Amino acid sequence: MMLYEHAAKEIFSRYSIPVPEGSLTTRADDAGAIAKKLGSVVVKAQVTAGGRGKAGGILTAATPDEAVRDAQRILGMSIKGLPVKKVLVEEYKKPDKEMYLGITIDRKARRPIIMASTEGGVDIEETARSTPEKIFRVHINPLAGLHEYQAREVAYFLGRESSAQIIDVVKKLYRVFTNNDCTLAEINPLAQTGGAIIALDAKMIIDDNALFRQQVEEEEEDTLSGLAKKHGMSYVALEGDIGCIINGAGLAMATLDMIKQYGGEPANFMDVRAGASEEQVKTALRIVSSNKNVKTILINIFGGLTKCDEVARAIIDVSPEIKVPFVVRLAGTNEKEGRAMLERLGITFASSTEEAARKVIELGHTYR
Amino acid sequence: MMLYEHAAKEIFSRYSIPVPEGSLTTRADDAGAIAKKLGSVVVKAQVTAGGRGKAGGILTAATPDEAVRDAQRILGMSIKGLPVKKVLVEEYKKPDKEMYLGITIDRKARRPIIMASTEGGVDIEETARSTPEKIFRVHINPLAGLHEYQAREVAYFLGRESSAQIIDVVKKLYRVFTNNDCTLAEINPLAQTGGAIIALDAKMIIDDNALFRQQVEEEEEDTLSGLAKKHGMSYVALEGDIGCIINGAGLAMATLDMIKQYGGEPANFMDVRAGASEEQVKTALRIVSSNKNVKTILINIFGGLTKCDEVARAIIDVSPEIKVPFVVRLAGTNEKEGRAMLERLGITFASSTEEAARKVIELGHTYR
Amino acid sequence: MGILIDKNTRVLVQGITGREGSFQVKQMQEFGTNVVGGVTPGKGGSEVYGVSVFDSVAGAVDEVKPNASVIFVPPKFAADSIFESIDSEIGLIVCITEGVPEHDMMRVCAYLENSNSRLIGPNCPGLTTPGESKIGIMPNPIHREGNVGLVSRSGTLTYEIIDLLSKSGIGQSTSVGIGGDPLIGTSFEDILQLFEKDPMTHAVVLVGEIGGTAEQDSIEYIKQMDKPVIAYVVGVSAPPGKTMGHAGAIVSMGGGTALEKIHAFEKAGITVGRSPGDIVQKVKTIL
Amino acid sequence: MGILIDKNTRVLVQGITGREGSFQVKQMQEFGTNVVGGVTPGKGGSEVYGVSVFDSVAGAVDEVKPNASVIFVPPKFAADSIFESIDSEIGLIVCITEGVPEHDMMRVCAYLENSNSRLIGPNCPGLTTPGESKIGIMPNPIHREGNVGLVSRSGTLTYEIIDLLSKSGIGQSTSVGIGGDPLIGTSFEDILQLFEKDPMTHAVVLVGEIGGTAEQDSIEYIKQMDKPVIAYVVGVSAPPGKTMGHAGAIVSMGGGTALEKIHAFEKAGITVGRSPGDIVQKVKTIL
């Protein structure tokens, strides 16, 4: 889960990482009042998407009036499909030097990695591609934690002038990273302004699997994905017309790949997970069929923990609500019972994933 | 450095380890006022020595008057040579069950060890000798820290009834141990009283080498040992009449052993450390000679970092103050210069530790 | 034969009294697995399908001497259960649990480096050596004894491929699900090394997914292998930036697309199957 | 020959610009030690007695390729300096610093277990192979080439014994001070194993002290050795409960008296010397 900039900066403050003074607001008028207090300000759209600057979501204002105008312009705009509901109005700090400092998980090394660059304020992936020598990397042993000498190496790489302050920020950012179960804790740019070091931006992504032990407010997503997640399933919207319900991520991806291979277009990815219950399958059917583009539905279950008779019951229960035809593939636990139950409904059966993919496409042609 | 019980209990409280309510005082009258508030109380002598109970330093009082009388009795007594200046007056808790819980450093395994016993309130060393099966031991990996399952194992060993509370105490005590650089953090007894778990006593020893990063008040010892420590040296009082000044702990012990082998009795152990300066040697001479039992002095220096000429200068400087005769052994760095400087004083020289030990004993006989 | 487990493997079930744990004990017993004990703190002394339950792994080790353990505890307790088994020097630890925090797994992985244990998973279906033993949750009936080794990041997709192989008369030496998380205990390469040394295994099927570079990381080793490897990578149709069910299955800016992986395999001269059916055909050709 | 160090050992000095560090660089150079670089953060680019100073161990490793390091930094920075050398895979790390907190050392020791480094110390005088190299602070003139290995928990007492041996015409293969702290990186047994394998070493002198059981822990190994070992333990006159200078030198209720140790050696048939002079006599008899 990605935090909003303002939420990440609040956490930074709690760890005494210096950030600009500022306030959050949903109303453009407030931006003026805040600017009156702070002088020159930056008005920043609060959305969890990159590229806000390029999208016009970050504007500077020299006067309170300008701040109001900027806030008006930004509030209500959409950045990468996300509506901007809040702006952060912050004291403007002119950076003498912009650096990059980030901590993430190196999945291959299976440990945290600190990355630092003298080129801040730009996309780190871009720096990595074009001028890799400008990035300093250091791996951390997750049991031993960050060693003082490592913080020092990072700081010396960024420049000796402010090394004591940077060492301090590196150590604090590492604590932010570990204490908050971050998969990313990033300061870009980390600015030097008149001898002081300050985090002009803040990005934190918290491991969804660790939210149970983190005090962060999860915003409920008002989307089909959000609904699926709430029920312990995983839904990703796609462009096509074949609704898909599969248990298991790998099997789901394989099924979608095969639909494409045979010339079809999946309307979604839907993994009901290995242990899907009758209730979950019902919900999944409702979610998938609520997409108006869906013309046919493919249900592909390889029962292990999931029992095929429970899946059949779910289909029997929900099918009266659903206007599009089905192809069902049931294998594994209680396969026979499930098939027997569904045969009465006149549903098309398939005995393998490939057959199911072929049949659902044919079915689409038939009904067109 | 061993903390007083009340100081250790303050730290326990900060980590929310339950301790009895109580107050510290230097005046017997206060004990009455405290008892008025708390009801039945225990009055406990605050000294950093074991065996307070046996020495009469722990008394219970049912009424405020009794508390005053107890406090009067305890204040001013001496326990193992330590004067009692303060008493802790605590709410009396009747234990249904007394257990032992301690964390220390297993030097051989080079990691922390938790020890627990269902036999609390008694000497753990005694339990270890007589009924070792009553002690549960678990080693902690200092990098990974205490695992939840380990805290659970300790708690289950102590009894399942209060396991959730004990798990909690084990985890907190481990944090006390690590965060405070303890070489020992001990609760004896850890009591179960009416369903609650409470630390009736608290013992913490803090690593002297880590005091630079711990917020504990060091009491200055008003002894020759304390004075030596303040000057970066190590002094231990012994029973004999030969004052000893040696650089290096091993050489010092060897010297003392040899004095004994040849029939002498050392008055002290004094290690001026490998890099002793002129000033330190002067201080050492004054400390050693201030002991009235001292009849002769042996100075044994093997110079490495320590320079023999600096040692000689210190001796020349201080010798007019000292009324007893010397044997000096100087070897290593600037040995010749040092010897030459001292020859004028008519001091007895030795060329090895063994010769020095022999000569200082002879010297004692001569001057008797 | 096969790898990692056989008839003599003595399995301990951590989280044995839970709904999933107890169900799977029965399944494993029916398969022929030697389940020697289980652990649920506070439930020591009880029994699940005739299997003794202990309060701790150490307690179980004293009494029933397991040499493998399988973990069914909830995600927040999973790392601790792994640590407990590592400290008891259980040689093979299989963590079925999905949703273990990544920071927990980083600590576990670092701890494993200095241990005598191997961890399979987490978020995996476990492993099966047909005719010998099964640890985990793969459905019992799909397996068949034979010479093909299978290693996969998936669960149900693995079942489908095993099922197709078996129905086509192709048995398996061992099938291993290494798990769909970004941080796992045992890599493709680790398992491939074992298959390479296993006389029972004549060919290996490797099933990968989008996300990370686990598949590419195995290529250098595959090139040195004497035994043929057939690779399959799912997620060609996955859009970038979206997690496809498995926490590790995400195409990020840094790469990790199925096509990248497929091209990397093909460039290295490794056969790539296009579908479960295609894999079966290719395995038939090779054997 | 000798153990651990020789003419080819390339020594890095951590804390080289400090008073003690710089003094000892000169001493080591005069002994013949190949000091290839030093580290003091913030002083990179300067020189000490012709030796280049770097900001970090990694920086020094890139430029001057040390394979040993010696640490002279203050106690609060010692553990970090050790970690830095371990992470740079320096094979031999000698920590002279006295007063390192025990909790730091517990972490260091656990970290060492999964590393390619050996730590000697802390709170030790280092080690010397006469005619080859010296790392640490032992005085230069006392050593003499020869066949006796020496391992000791002490500093100046070690010098005295080396000096007596040399003056009696008995040279040393290598003399190692393992340190007087309760928690140290290398044990008596570790060093004895090296001496046992070293063709140059014909006999070993072991110098112990009160406190702990480090001496007793080496006995089982000594009994298996082909080479004769002469033990010496100081502190017979030490009262219980008092720390005798070295942090590790304390007779506690749990034991650790000199007599216990001496009796344990004698019971195992190991020769025990009663004084430095007696050791020299006993070595003479043996050689």
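Just so it is clear, A, B, C and D label the chains in written order, and each chain counts residues from 1 on its own.
The working rule: contacts are C-beta pairs under 8 Å (C-beta built on N, C-alpha and C of every residue); 3 or more make two chains touch, one makes a residue touch a chain.
None of these values were measured; they are calculated from a predicted model.
Counting only chains that touch, the fewest steps needed to get from subunit B to subunit D is 1. Path length between subunit C and subunit D in the chain contact graph, taken as the least number of steps between touching chains: 1. The chain with its CA mean position farthest from that of subunit C is B. More C-beta pairs touch across one of B-C and A-C than the other; that pair is A-C.
For the pair subunit A and subunit D, the distance between mean C-alpha positions equals 54 Å.
Subunit A and subunit C, compared by their mean Cα positions, are separated by 27 Å.
Touching of two or more other chains is recorded for residues 107, 111 of subunit C. Listed for subunit A are residues 141, 143-144, each touching two or more other chains. Chain contacts in this assembly form a complete graph, since each chain touches every other chain.
Contacts from subunit D toward subunit A in the complex involve residues 41-42, 55-58, 77, 80-81, 83-84, 87, 107, 111. Residues of subunit B touching subunit A in their complex: 141, 143-144.
Residue ranges on subunit B touching subunit C, taken from their complex, read 141, 144, 147-149, 152-153, 156, 160, 163.
The touching residues of subunit A, counted against subunit C in their complex, run 105, 107-108, 110-112, 125, 141-143, 178, 181, 183, 207-210, 212-213, 234, 236, 238, 246-254, 256-261, 266, 269, 271, 273-275, 302-305, 331-333, 352-354.
The part of subunit D that touches subunit C in the complex is made up of residues 113-114.
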